[in-house]
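The same chain A turns up in both complexes below, where it pairs with chain B and then with chain C.
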Partner chain A sequence: MKTTTDAGGDVRLSGISKTYGSFTAVHPLDLTVPQGSFFALLGASGCGKTTTLRMIAGLEEPTSGTVHLGDQDVTALPPYKRPVNTVFQSYALFPHLDIFENVAFGLRRRGIKGVKQQVGDMLDLVQLGEQARKKPHQLSGGQQQRVAVARALINHPKVLLLDEPLGALDLKLRRQMQLELKRIQTEVGITFVHVTHDQEEAMTMADTVAVMNGGRVEQLGSPADLYENPRSTFVANFLGTSNLIEAEVDSRSGEDIVLKAGDGKLVLPEARCAAPTTTGGKVLVGIRPEKISLTHADDAGGIPEGRNRITGTIAATSFIGVSTQYVVDSAVCPEFEVYVQNVDRDSRLAPGAEVVLHWSPAHTFGFDAAQSLLAGTTGSAGLDEEAAL
Partner chain B sequence: MATLTEAPPPLAPTAPQAEPPRRRGRWTPYWLLLPGMLWLLVFFALPMIYQASTSVQTGSLEEGYKVTWHFATYWDALADYWPQFLRSVLYAAAATVLCLVLGYPLAYLIAFRAGRWRNLIMVLVIAPFFTSFLIRTLAWKTILSDGGPVVGALNTLHVLDVTSWLGWTAGDRVLATPLAVVCGLTYNFLPFMILPLYTSLERIDGRLHEAAGDLYARPVTTFRKVTFPLSMPGVVSGTLLTFIPASGDYVNAELLGSTDTRMIGNVIQTQFLRVLDYPTAAALSFILMAAILFMVTFYIRRSGTEDLV
Partner chain C sequence: MPLVNWFKRKFVVIAGLLTLAFLLLPNVVVTVFSFNKPKGRFNYAWQQFSTDAWKDPCGVSGLCGSLSLSLQIAFWATLGATALGTMIAFALVRYRFRARGAVSSLIFLPMAMPEVVMAASLLTLFLNMGAQLGFWTILIAHIMFCLSFVVTAVKARVMSMDPRLEQAAQDLYAGPLQTFLRVTLPIAAPGIAAGALLAFALSFDDFIITNFNAGSTVTFPMFVWGSAQRGTPVQINVIGTAMFLVAVLIVLTSMVINNRRNKQKA
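Moving on to the complex of A and B:
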């Protein structure tokens, strides 16, 4: 990623890594976060995302590699000399100082006089003007969170680092703060680097998401790109739900690969396959549950040509309101998940019914079969494997 | 299908709830308090009352003492022994400051830097308690003995010239001088300073240090603006735990001092056990207690640590 003239707020990590004894928290990593973007590091706990963030902040010394902010190499600078501020996971507000002094802390340390106006404005921005003389423990979790953001933002850092800032809040407040943070980021235009384990949070807030697993970045891209075109089972499972089918490369037709799964044939655009495709080779085929249409076996004749199809039996259904979720048993995949919008409900689609699942080949993605089908699912089998190595 | 249009009726008014079913446990707190209260009564309240009455008695050992409400004993005691009072406060204050200066870095080290050595250092801090107070103080007598290596070294380095000039030592001697007494006090009460300091430092969230660093505070500023203010509860309790017993101590002044370094504890001890002037001894004890209470109250008010604890 090459930047233009204004590289002031770019964060460039080059070959950065961190090891603790024999444990490697972060494998050598190259990453560029462009000025003004909202960047999320997403992953399960222990994947190295917080360590990466702390290396940018200067709270952790990298074992190798360099950290650049714009054109300045800050690798050797202590945290108090870096133009970077952090919103800590548990806020780390100073309990002996009131809200005003907490927010004014950074300004005072840099010897700025007459902070009253600035602090007042900042507290108004986060809607805490009335609370200036209270101590942190007198505020609610959401208010403390806003103080932590204000305390960092008032210094106009080149980069704002957020370490799971919403983790301690309840669901409703979290949603509200997600929007709030996004609004503030758009308003001040500072680069935000946001660490989270919540894929929904990362997708709603960030422009770019880096999915981390076992100390490596598995995939980097826009939320939609990651979701529509995952390049590994970890990403496919960690972001939303995916149905994965083991298949064998049968032949090619133009831009597409034709695969053999059980008795049927599936078509996969070659551009959407992250694995080498030699005839006879194994490939994992994935499809998101909401891309699939469900048709009763009696109506199978009406399915348009050119769609990927799989036959199976409905094992369970659950009515969610906006949609209905089906679990379908098929020969190629034991628990196929299908989400169908509740537009016209077909009463024949009940457990035990024979059905045909079909979807557009353009929604299919594929990757190397030599990885765990369960990587990135809850319980994070993939992570445990990493730890065991 | 019938629709539900009525909420279920509220529960019947609370007749059975009026009497909580926990009657059996009602007296438990009092039973648990009883041993402590008895202890306080027998070993604190009753002796206090007894001493208070002694302090206003007159008479002599041969004829016996009678309560005559002779409050003049207090004024006489204060007039006769104010230098010892003053000396006690000065020595105790000096020892407290020394304890703080020596103890804070160590407590800081144990809390933040010791890592796996933490428990070992803690044991070493407490280790002196395995020997009696008296023996440890006597050991200092050997350490500071005339012509011993410590005095020799201090002499060679001309430290004794300076301390003599300040009036802390006399000539070539350290023993039997104010310096020896203050050293003894400092040594004996140091653990009482370190332990509360350690406890309050250890409670400080390490992320606050990181947050201060992140907000442009250099390590020294972080200490001044974050660590030290947050350790104030430890500083206050440590100084109190050092100053209060030190100001009433008589063992150090007795063993390491001379007649010129007598503290109020020595006077009280002599009055009680040698002169057998019980009213004066009792009056002195009460004056000491009142003085300490006054100073401590003032100190806690000033340090303003109420909302930190």
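Moving on to the complex of A and C:
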């Protein structure tokens, strides 16, 4: 299969925004998607991610700003003149055409003759060569999804847009298709922009993830960067689980900030804090559950120096096989979550036990205390995205 | 009680067959009496088998002329009502405009109006406008009353269409015209076809409105009515049976084509 690698496949959005009446779906936004990358727009429904995608496709007219593909300003171009193709949320396969004709649609509209070979190759790529003469409704959800991908990819677009393409599939199939899409992207080298509300999906597939919230990009980075170093409570909670502690800036020592939380002291590298750190100011300190070690209070003497410590009481435990999840009540944070790998299980770590939680300061992150602790947790989702369209 | 049990088990089938018989018996009578050779002018009592009428369907003066006129009117009325009705249906489903709800309900009013009142009012309207009654007044009236039915049929289909299909077509390099011809129209086609068939049937056998607004023009239903007062020629039954057979033939052909297509796919 031929790969399109002509230069200048960057997608550049400059000051792009979309308002519907008094509702702002997307606030002025600058975003660059590098050529050949797998880029994810991640957020809860109603965060403006689909609207942003549709503006790239030309299906939605931006209220302000411009869309560039490489050097070309495509803002004023209708969708059928943009070198961009979309995989729609419900696939939007043409029910009156068979699989072959669905895939050939884009080629035929551009007046390309002799499409048989190309369509055949494309169907083989998505492993549907046998189904060419079936109608879309005769295929399973996963097969339909692959037809939708083939129908878009056959046109060698500069950018492939995917609007929640796996949303309608069951979990197992979704996992399988995630790998499949990643394989196809690597194989054809086309820029993929993928919209999803599933943080796991975004992290598995994308090179770069933009986390969106309320029509704005909260943070942009590689999945590992976003996970290890979130810059807001929304990102900290939306990607995985975070324990958040309110603390006060006490003093500094070198590159580190020393914080006071309850009676104890916590150390936070200044580079990992996304808030101004004036002495006496409030900050939120975060730590991921799997970064924490759990030691019974009787063995507290064996904990190495220089680690952040918090004392508490185990409130609940649940055994998950590879790990055990503990909920610990402490003075600074009521429900501290801790995941411990089941290597050597300490039988004393049962509900009611006094424990010391400790972790390396390097895993601590901090941000402005003037934001909701619960932002980005499940259930805080905004409007339905469909309603906004 | 084996009989009762048998009846219980077969009840749905029996009820279905009886209803079907109720529906089709009149058609059978029409067909049977097209082979009759009546004594006198009225074809109401069975006398003897004959194919005279089938050999000479135009044997009654004025019959084939009226039939041809009715077919022409039905053709043009179907064309006009289907084109207009399809556009109205798309407008009502796809676009938000002031008084859309009101228009939507107003479209259905002609269906609710008693036909005979509508017919008399139309005549008043035509006379006041100084229109000459005949082919054109009939055609205008037919397009008018067929419209509501076409709109209803097409609207139901368009409402169930996913607008994303058209967006997908645009996304795949189809301009507005291509999108309409390649995606919108084929998907809406069953609704449009249903509307058109309904319009043809309604127009072809309309009597009341036509009778009021025809002037000296005579359509097939008017011919039948007129002749029924003086005597009913067997040829009327021949025409009726022929129409019925043509309809059956069309249905069968489309079924065969569909079956063959499905077999090819599988």
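Here, the second predicted complex is superposed on the first by the 373 of 389 C-alpha atoms of A that agree within 3 Å, B and C clash if a C-alpha of one lies under 4 Å from a C-alpha of the other, contacts with A are read in each partner's own complex, and residues count from 1 in each chain.
Just so it is clear, a contact is a pair of C-beta atoms (placed from the backbone, for glycine too) under 8 Å apart; a residue touches a chain by one contact, two chains touch by 3 or more.
Since the structure is predicted, the reported quantities are computational estimates derived from the model, not experimental observations.
Enquirer: Quick one: on chain A, after the overlay, do chain B and chain C clash, or do they fit? Just give me the call.
Expert: Because the two structures are overlaid on the shared chain, the partners are seen to clash.
Enquirer: A:Asn85 contacts which: chain B (first), chain C (second), both, neither?
Expert: After superposing on A, A:Asn85 lies in contact with both chain B and chain C.
Enquirer: Let me test your reading of the model: by the given contact rule, A:Gln138 touches which partner, first (chain B), second (chain C), both or neither?
Expert: After superposition on chain A, A:Gln138 lies in contact with chain C alone.
Enquirer: Once the structures are superposed on A, label A:Leu357 by its partner contacts, choosing first (chain B), second (chain C), both or neither.
Expert: Touch status of A:Leu357: no partner.
Enquirer: Touch check for A:Pro95: first (chain B), second (chain C), both, or neither?
Expert: both
Enquirer: Does chain B (first) or chain C (second) touch A:Arg110, or do both, or does neither?
Expert: After superposing on A, A:Arg110 lies in contact with both chain B and chain C.
Enquirer: Classify the contacts of A:Ala57 with the two partner chains as first (chain B alone), second (chain C alone), both, or neither.
Expert: A:Ala57: touches chain B and chain C.
Enquirer: Given the superposition on chain A, at which of 5-13, 149-157 or 257-265 does chain B overlap chain C?
Expert: Residues of chain B that run into chain C: 257-265.
Enquirer: For chain A, which residues lie in the overlap of the chain B contacts and the chain C contacts?
Expert: After superposing on chain A, chain A residues 57-59, 78-81, 84-86, 88-90, 92-96, 105-106, 109-110, 135, 151-152, 155 contact both chain B and chain C.
Enquirer: Using the touch definition up top, name the residues of chain B that touch chain A in the complex.
Expert: Contacts found on chain B: 205, 207-208, 210-218, 221, 225-226, 229-230, 307-308.
Enquirer: What does chain A use to touch chain C in their complex?
Expert: It comes out as residues 57-59, 78-81, 84-86, 88-90, 92-96, 98, 105-106, 109-110, 133-135, 138, 151-152, 155.
Enquirer: In the complex, go through chain A and note every residue touching chain B.
Expert: Within the complex, chain A touches chain B at residues 57-59, 78-81, 84-86, 88-90, 92-96, 105-106, 109-110, 135, 151-152, 155.
Enquirer: Per the contact definition, I'd like the list of chain C residues that touch chain A in the complex.
Expert: Residues 162, 164-165, 167-175, 178-179, 182-183, 186-187, 264-265 of chain C touch chain A in their complex.
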